[in-house]
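Two complexes are shown next, each including subunit A; its partner changes from subunit B in the first to subunit C in the second.
Moving on, here comes the complex of A and B:
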């Protein structure tokens, strides 16, 4: 595996592990999600460079567009849950706990 | 020059590690800023400067600014920086995972040879400018779908933060 591929692959794996483990704050999980989107953007940009196909440059731009949508929605969920629960601590979100 | 590109790749992983080890969100955003600046420098060094600048403008200048002022909702009385034992434990554990992945995935002998295709140099047609310009000609349908998705997200966000009492936006 070349160094470039290892670099964004490792960043994606680290961010997804950070998303999976228990956090104190909801916004830490949202930051890990943003880090995953960043590593996917760099990964998609490698495609037109290494395959020498310029038309594939559209892909990272589209991905960034929908990643911005998702970040806005995640932050709106953060604000809505902070209003109802008082803070964004994940151990307070236990309404559905059996 | 090659050493600088390797350093930028290392900073990219370091930024991801700084977010994934569980600090207080004030410090997690710093890791994300480092990763996006390193990613932009990396893309510029590979020759595709346009998508690198789009990354800085939209991601760092748009999305991360919104994240930074939303972090004010996560106020801790004692924020955990990177020198606290919990964060160091997470960081060392995740760094170990990266090292094991590097050793299993072929080792670091690739580090010497590199193996990067770059398209820098003096040419009047840059590949990423041409590629993204096709977004407006052949990809016009996808452009309109992306714009429609963004408009829809605006209404989704407004609906989510409207609150239980329908009408005024409450102060948080």
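Moving on, here comes the complex of A and C:
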């Protein structure tokens, strides 16, 4: 595939792996989530240009909006959990464990 | 004169006479039983039973009576059918004669017992059950009699039930008899399912009988007649009072097993396997019992082992396919064995309860009548020519020697015959001769007619019964008439050898040398190690096998492990491994999320 395709495929995969296998801090997960969103933005921008369909050009803006909301939610969760657990260390987040 | 009618009526009258002491006390309060009434009832019954026997001897009349029929299955008839043939007609007077003498003796022996009347009632119940067994024509009535004698044996052996050994002996008797009963029930079940009848005269198969019902019958006889394998109860049964030993465990009950084989002998005719089994089992029993009797010190135990040995000899006769000869031996054996027991009872009472022959001696001068009859009984037991035992025992040995059979059985039987002579002479010498070893003050008194009359009556029987019975019966199979001289003299030679051996060994007892314990004397003294071995191993194996099969295998394994609990165990294994994934940490969930995505991607390839 072309370099462009390869670059955002790789960016997306690496970010999702980083989301799954982060170690200590929840904020690194949120960062990875942001980078996933970024690579998807690039992909959605490339898609109408490659397929010659200008009517899909609005999609990246819509996605950006929703991801901003999502990032805000994520940060709010981070702050809320830091308030209750004292830090954002993941090994403290085991309320479900009996 | 309608002979079958008179025959049948007098036999039924015999049985009814015996039942009157049981029925009359229930009818009115004035008709209570006493030992004297029960004894005279049995005497009357004996005199009445002479009538059918005389009719049979005169004209050979036999009859089968069929009373009421129990209709509970339409296809299968169980009448109350009584057979009055040679065996029952001859055995009735003998059994009643012996029982009358024993009951008369028991009026003296049990005189100090507070429940004497109950004892006599028990003996009467036993006698009725035994006679029912003898006169039965179908297996149902025979089984009633069989179980009846077993129960009464239990009650009578544990007569002094405060004594722990008596209770264990009674329990042993019941358990060993029960194992034999399984064989009898096996045969009855086979008969009911194959020939659809329990009548003995309807049992005959045209070709060879299958071995299974015959094995059942042999097992029943092994249990009831104390053949080797189910024999320990007979010496243990000597815990009962001497009249019980005399009646049950010498003349009547223990011959019930042999009698069963005599009644069913048409089944055995063609089946050589069963006959050989009887032969070898009987030979083994007779030798084993004779070996054990060699070193016994209790006078009743010696006579008990002697009984066991003679029962083995009867089984050998059955194995030779000679039922009539076995019956002859049963009849003659009843007389002298009962007399031996009564003499021993008289000796025991006169010595105030002493049963150890090492503490008797020189009784010939002190108890002349008893010891003379003891000598007569011992001579009859050894097969002295022309006493009662000779007619049956010598003929058996002659038939053994002139038959085509297993040599081992022949050798064992001859060896047992010589051992019989050995232990008999030993008992005679230690009890009657020599210096006396009894304590000085003993209530030695045999002047009571209740003691002397039965013993002398039975002595008369021991001397003449063989001659009388053989004069009046027609043998069903031709006895061997010609044989070389040394074979004819085998029984006498072997017995004489035994006597010489016993006399020689007894000289050693006067030299004050301590007897060494060798393997053979230990074997004999501890009764062949059979009792502790079988009682421990059999019980342990049965119980642990039962626990393994019933509890461990079925309950725990099949119902639990391979069912619900096994499944739960498997689940537990999987659950424990996957608990780490359910730790509540987001990292684990995200990791499994990545894993699932990977698997989905892989699967599209």
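The definition used in the following text is that the second predicted complex is superposed on the first by the 96 of 98 C-alpha atoms of A that agree within 3 Å, B and C clash if a C-alpha of one lies under 4 Å from a C-alpha of the other, contacts with A are read in each partner's own complex, and residues count from 1 in each chain.
The rule is short, and it goes like this: a contact is a pair of C-beta atoms (placed from the backbone, for glycine too) under 8 Å apart; a residue touches a chain by one contact, two chains touch by 3 or more.
Keep in mind it's a predicted model, so treat the numbers as computed, not measured.
Just subunit B (first), just subunit C (second), both, or neither: which does A:90 touch?
After superposing on A, A:90 lies in contact with subunit C but is clear of subunit B.
If you count the residues of subunit A that each partner touches, which comes out higher, subunit B or subunit C?
The larger set of subunit A residues in touch belongs to B.
Is A:21 in contact with subunit B, with subunit C, with both, or with neither (first, second, both, neither)?
In the superposed model, A:21 contacts both subunit B and subunit C.
Considering only the contact definition stated at the top, list the common interface residues of subunit A for subunit B and subunit C.
Touching subunit B in the first complex and subunit C in the second, residues 17, 21, 23, 26 of subunit A appear in both lists.
What does subunit A use to touch subunit C in their complex?
Residues 16-17, 19-23, 26, 29, 90-91, 93-98.
Would you tell me which residues of subunit C are touching subunit A in their complex?
Listed in rising order, the residues of subunit C that touch subunit A are 582-587, 590-591, 593-594, 597.
Looking at the complex, which residues from subunit A come into contact with subunit B?
It comes out as residues 1-4, 6-15, 17-18, 21, 23-28, 30-32, 34-35, 38-39, 41-42, 45, 48-50, 52, 54-58, 60-62, 64-69, 71-73, 75-80, 82-84, 87-88.
Considering only the defined contacts, which subunit B positions touch subunit A in the complex?
Residues 6, 9-10, 12-13, 15-17, 19-25, 28-29, 31-32, 35-36, 39, 42-43, 46-48, 50-51, 54-55, 58-59, 62-64, 66-67, 70-71, 73-74, 90, 94, 97-98, 101-102, 105-106, 110-111, 114-119, 127-128, 130-132, 134-135, 138-139, 142, 146, 149-150, 152-154, 156-157, 160-161, 163-164, 170, 172 of subunit B touch subunit A in their complex.
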